[in-house]
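By letter and in written order, the chains are A, B, C and D; residue numbering begins at 1 in each of them.
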Amino acid sequence: MRFAFSDDQLAFRDAVRDLLAKMAGPDTLRALWDGDRGRDPVVWSHLAEMGVLGLLAPESAGGLGLDEIDLVLILEECGRAALAGPVVEHAAVAVPTLAAAEADSPLRAAAAGDIVVTAASGRAAVPFGAEADLLLIERDGVVQAVEPADLITGDPLTSVDRSRPFAEVNWSKAIPLPGADPALFRARAAAATAAVLCGLAAHLIETTAGYVKERRQFGVPIGSFQAVKHHLADALIALEHARPAVYYAAWSIATGQPTLSRDASFAKAYANEAAGLAARVALQCHGAIGYTYEHDLHLWLKRVWSLRLAWGDTPHHRRQVAAAVLH
Amino acid sequence: MDIGWSSAEEWFRGEVRDWLEANKPPLPMPSGDSAAGVGAHLEWERRLFDAGWAVVSWPRAYGGRDASLWEWLIFEEEYFRAGLPQRVAQNGLFLLAPSLFEFGTNEQQDRILPRMAAVEDLWCQGWSEPDSGSDLASLKSRAVRDDAAGGWRLTGQKTWTTRGAFCTHLFGLFRSDPTAERHRGLTYLLVDLRQPGVTVRPVRKLDGDEGFAEVFFDDAFVPDTDVLGEVHQGWSVAMATTGSERGLTLRSPGRFNAVVQNLVALYRERPDPELRGEIADAWMAARAYELSTWMTVTRLADGACPGAESSLNKVFWSEMDIRLHETGLRLLGDGAEFEGPWMKGYQFALAGPIYAGTNEIQRNIIAERLLGLPRK
Amino acid sequence: MRFAFSDDQLAFRDAVRDLLAKMAGPDTLRALWDGDRGRDPVVWSHLAEMGVLGLLAPESAGGLGLDEIDLVLILEECGRAALAGPVVEHAAVAVPTLAAAEADSPLRAAAAGDIVVTAASGRAAVPFGAEADLLLIERDGVVQAVEPADLITGDPLTSVDRSRPFAEVNWSKAIPLPGADPALFRARAAAATAAVLCGLAAHLIETTAGYVKERRQFGVPIGSFQAVKHHLADALIALEHARPAVYYAAWSIATGQPTLSRDASFAKAYANEAAGLAARVALQCHGAIGYTYEHDLHLWLKRVWSLRLAWGDTPHHRRQVAAAVLH
Amino acid sequence: MDIGWSSAEEWFRGEVRDWLEANKPPLPMPSGDSAAGVGAHLEWERRLFDAGWAVVSWPRAYGGRDASLWEWLIFEEEYFRAGLPQRVAQNGLFLLAPSLFEFGTNEQQDRILPRMAAVEDLWCQGWSEPDSGSDLASLKSRAVRDDAAGGWRLTGQKTWTTRGAFCTHLFGLFRSDPTAERHRGLTYLLVDLRQPGVTVRPVRKLDGDEGFAEVFFDDAFVPDTDVLGEVHQGWSVAMATTGSERGLTLRSPGRFNAVVQNLVALYRERPDPELRGEIADAWMAARAYELSTWMTVTRLADGACPGAESSLNKVFWSEMDIRLHETGLRLLGDGAEFEGPWMKGYQFALAGPIYAGTNEIQRNIIAERLLGLPRK
């Protein structure tokens, strides 16, 4: 029994953290907010080079041949940086789905970063749909492939997180993808999104802790007030009890446990609530300074609000867990 | 105890309802916090004024109807029930006007109130400064005496000034006695923003609207006729105003009843048995707020002054507002993230626990003033 | 429109408060805890003398001919003192029910305090059943009268609040009481119990505030810590928003509003939660000192735990309100 | 990451389960915090010791099995799954023993640990005093040097001493240097309660059981051989112990898993669709605690020391325990108030946020030590 990451896994995480700190700061993100794309191609190509995009693809398909346990920490870093782009959809969902479906040609292209693949479940609104080369969509228990040409043109839906552009799908031309397990597809996505949410929460807690140490009112740092301490302590307690659920879900998927759907639902429900609390606490502790568009805080808040709903909101996953526990 | 509306009050309600129904602008209106949207709001609020509905509880001389607080509640109830938006003039009407009625000279009242009611002047609040948020008494913007000109010269900066970018005037506190500390030596000044010494920089709020501003003062001038109350006594004048902001007037129960009405309609469109209990919670919270307001209004009608009790209301409505919107977002399911009134309203609601004294400060006030706990 | 009490109503409340402070202190209550009765006959006879027990009975039946608005503040005082005995059941439920049923003889006896009447709804466990002369029980939409001889003898159920002894009813000999409206019966009981819960909460908040001003740790009164302040502030916010609901329910019943069931459910749900929060906060702020049987605090806590369940718990009343709002 | 039990661990689990199934006493047992019930517990815990199950992670020489922390978790899981109650010996086993292993002399370990494991001696904790609860460093009970007798003379009072009325020994902190303040000048002493200078007064807990005691010292004697660690250095010895109480050892995940198992069984008896979500919440909370414990145990197995992270766990489990019992009470509906395991367990759970450092203190620690927020 060992529930911890290896030195290699931690080193890979650190490398991604460094890359994102250098390449994917708030300015890059704000540029996407002001445009209509959800992905910075330069950052994306660096991720491809590092092997992140094809991490789950077998080496024979040009991937790293690693597993979800290796990926989960990297997804957390993507959350910490509020990285824009379909990393969850492409690297955590589409690549292993294409591998399972033995769709070799798109798998190779996706692993290399030559094509961008996005994914969605159950809803016609697909994030990053308009800038993807291929869309994988689970609907009514079948994973289906959609070409970008089959998107509905017209007024796109605007997410509160403007770095997550959505497109609408015309289902009529979707092609079933044999060999893709829809439950696994959804579990992968939920668990990966949960990891991103943990990273978002970690950033929110850390930057808020930094802020309240500096900001002074009544002659003292506001971080010396017990109310502020307890807000942040509560957020950290929630995060540090969501992380183990997320890591366990990654292990459960990597090792093909029969409980993987339940484990992914648990991870998503807990990460949703931890990130939601961190967002509330971060805004409250920043006060009016954080309630502006100029401050970077809102970029993280709105990502949380968007991802809490992606791949199942908390009531949905709570129902899944209840069904598994009370089966 | 005699709960219920008199026939005169019911008649008043009918009159309000009929007029609003016949005259209300196309809804939803664009955001009144945006440069693009504010014009339509100013036009609408002038129409309200022209028909005598802008300030029902004010004297007729200033454009009001001498309405009672109960009638004001009825007006608010009908106003929000009709789906109408909060007023862009509200900070002048609800924060400055009570202070003007209490501390202003007759000349000031006669000059300022009718133009405020008619939305000819639009007032913003100048309390906060970059280093003075919760700790208002630490503010640094200075007012220096200019005897020759008969007034005060302002330097410094105000910030998070709601709708400052669209306003013509600002009411605020300035340090007039540089040797005094904290809440001593402050003066309440009424500042015309349309002068060379004032620079207003719009600041976008969380939701992207230009609803905030930074206001810079560089030798701006305020004549003595625009000092509200006594020189150096601005703190006590301002406290009367923040009492209003926290408590009754800024947030009438009608606002939340309207949100609950929208929640019930949304539930009927998208019924979800798991969320039935949240609908009950929403209704109960708004109702508790309404009933608590009725008790407060009865006390005020009996001659009591609003005190620290207003902090109880402020924490309650601000946290309720967030919960009501969270329920709306949950009913929308995974479509909640797309632009729409619930996400917009949620972002607006999130400001509630921050402005007008953070809820942390309010809880301190409740514990110290209502329960007598020691400050230190 | 006027939502406040009259000077007479406040004076009556003050008189009851004084009586209970003098006659019904914790020692009286502890004596009941150590025995098997739930009512102190001396206190009870004083309440009868003051007219509290027959407050709702018409003057022609020896009552005061007052209404639920007069009674609600007195019930709050009973809560504040954690008064033992079936005041809710007798004075707020049975007396007006007997009046409506035109059961003149028991009504006169109950109004005068010559007999003790208790009441219950839907469950076979009846508080104070063994020491009542008459039991009124709503079951399946019918209010029924049960004689003490029709109680099941044997092991009584033991409430966590040992000053609330329960008895079990044998339904077979229950006699329907014509003219008694079962919905009104339940609403009266829920609203009256809500008033008692508000009084319990008020006592808990006041005594805890007093304690934290005196108790010193780290060289200062613990009431100077922001965490303690905010706990108590939250409890007071909840109480001060439950009280209006309770007073409104009293008015609604007194004036026979069509919404009286909804109003009573709202009052009970809010009073339940306010008292529950006050209990949690009171114990936490007292710390280990409050976690003993010797300290009086537990007498109030356990009354709250018992009354939160009496006449409908929060989930029940929330459902009633949802049904009324979404009818 | 390598999650799962080895075949040796599974074999160990089977051995525990089989033995407990064959040997467990009739359940439920009477309360171990009551004078009437403690005897049955002592008997049961001696039977555990006789079979080598009392202290599985201790060395064989002291009655243990040299089990790993993982095996200890397995033991706890099975112990609570079988419906068995918390141990009356637990404060000695989980709070004193870790300090004895770290700071005790060989002589002390050899003399004290086997008798503790065998429940021949029953230990209680002597931290709190009437004026020293959260503020432990303010304690006043004194230890005065008696060179002639070769030891220390105690005066003062300890309070809220769990199961003190049934214990033979007390471990606690005493002020040995009257000139030192706060956490300096304290000595960690091991006190035999069966001596004339000690008076133990049982105190009933919230639920009426005699689970607390006040312990009065009037010239009680402690020989030098019963000083744990260095004289005047008791604070650092004690802190190692309170770390254990807050974190891992006192509250094994098995305890909460057993509560969830009981909740699921109760739900099946009394299904209520409205409470399905609470069952999910209960399962998730207990599972989060278990997984978080696995991460902690991995770190400890790698040689790390438990630090302020244990405060995260303490707040989490104590608030979870209350919520789990609240769900149980809600499932019982209006019968919840009658005597039974859920109401008893609820009252027990309510102590969680108070003892072993209040949750308010824990949140301060989290903010200050884990997030670096300023103390003042």
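In this text, contacts are C-beta pairs under 8 Å (C-beta built on N, C-alpha and C of every residue); 3 or more make two chains touch, one makes a residue touch a chain.
Nothing here was measured: the structure is a model prediction, and the numbers come from that model.
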- Task: By the contact definition above, name the pair with the higher C-beta contact count: A-B or A-D.
- Result: A-D
- Item | Contact-pair overlap exceeding half with B-C, pair selected from A-D, C-D or A-B | A-D
- Message: Centroid of chain C to centroid of chain D, CA atoms only: how many Å?
- Response: 39
- Message: Averaging over Cα atoms per chain, report the distance between chain B and chain D in Å.
- Response: 53
- Item | Interface hub residues of chain C, defined as touching at least two other chains | 225-228, 230, 315, 319
- Note on the structure: Touching two or more other chains in chain D are residues 274, 277, 360, 363
- Item | chain B partner contacts - residues on chain A that touch it in the complex | 123, 125, 157-161, 166, 216-219, 222, 225, 227-228, 280, 283-284, 287-289, 291-294, 298, 301, 305-306, 309-310, 312-313, 315, 319
- Message: Quick check on the complex: what are the chain A residues that touch chain C?
- Response: 225-227, 230
- chain D - residues contacting chain A, complex: 1-6, 9, 70, 264, 267-268, 276-277, 279-281, 283-285, 287-289, 291-292, 294-295, 297-299, 301-302, 309, 312, 315-316, 360, 362-364, 366-368, 370-376
- Item | Contact footprint of chain B on chain C as seen in their complex | 1-6, 69, 205, 209, 212-213, 220-221, 223-224, 226, 228-230, 232-234, 236-237, 240-242, 244-245, 247-248, 251, 255, 266, 269-270, 315, 318-319, 321-322, 325-326
- Could you pull out which chain D residues touch chain C in their complex? 128, 131-135, 138, 159-160, 203-208, 212, 274-275, 330, 333-339, 343, 347, 350-351, 353-355, 358-360, 363
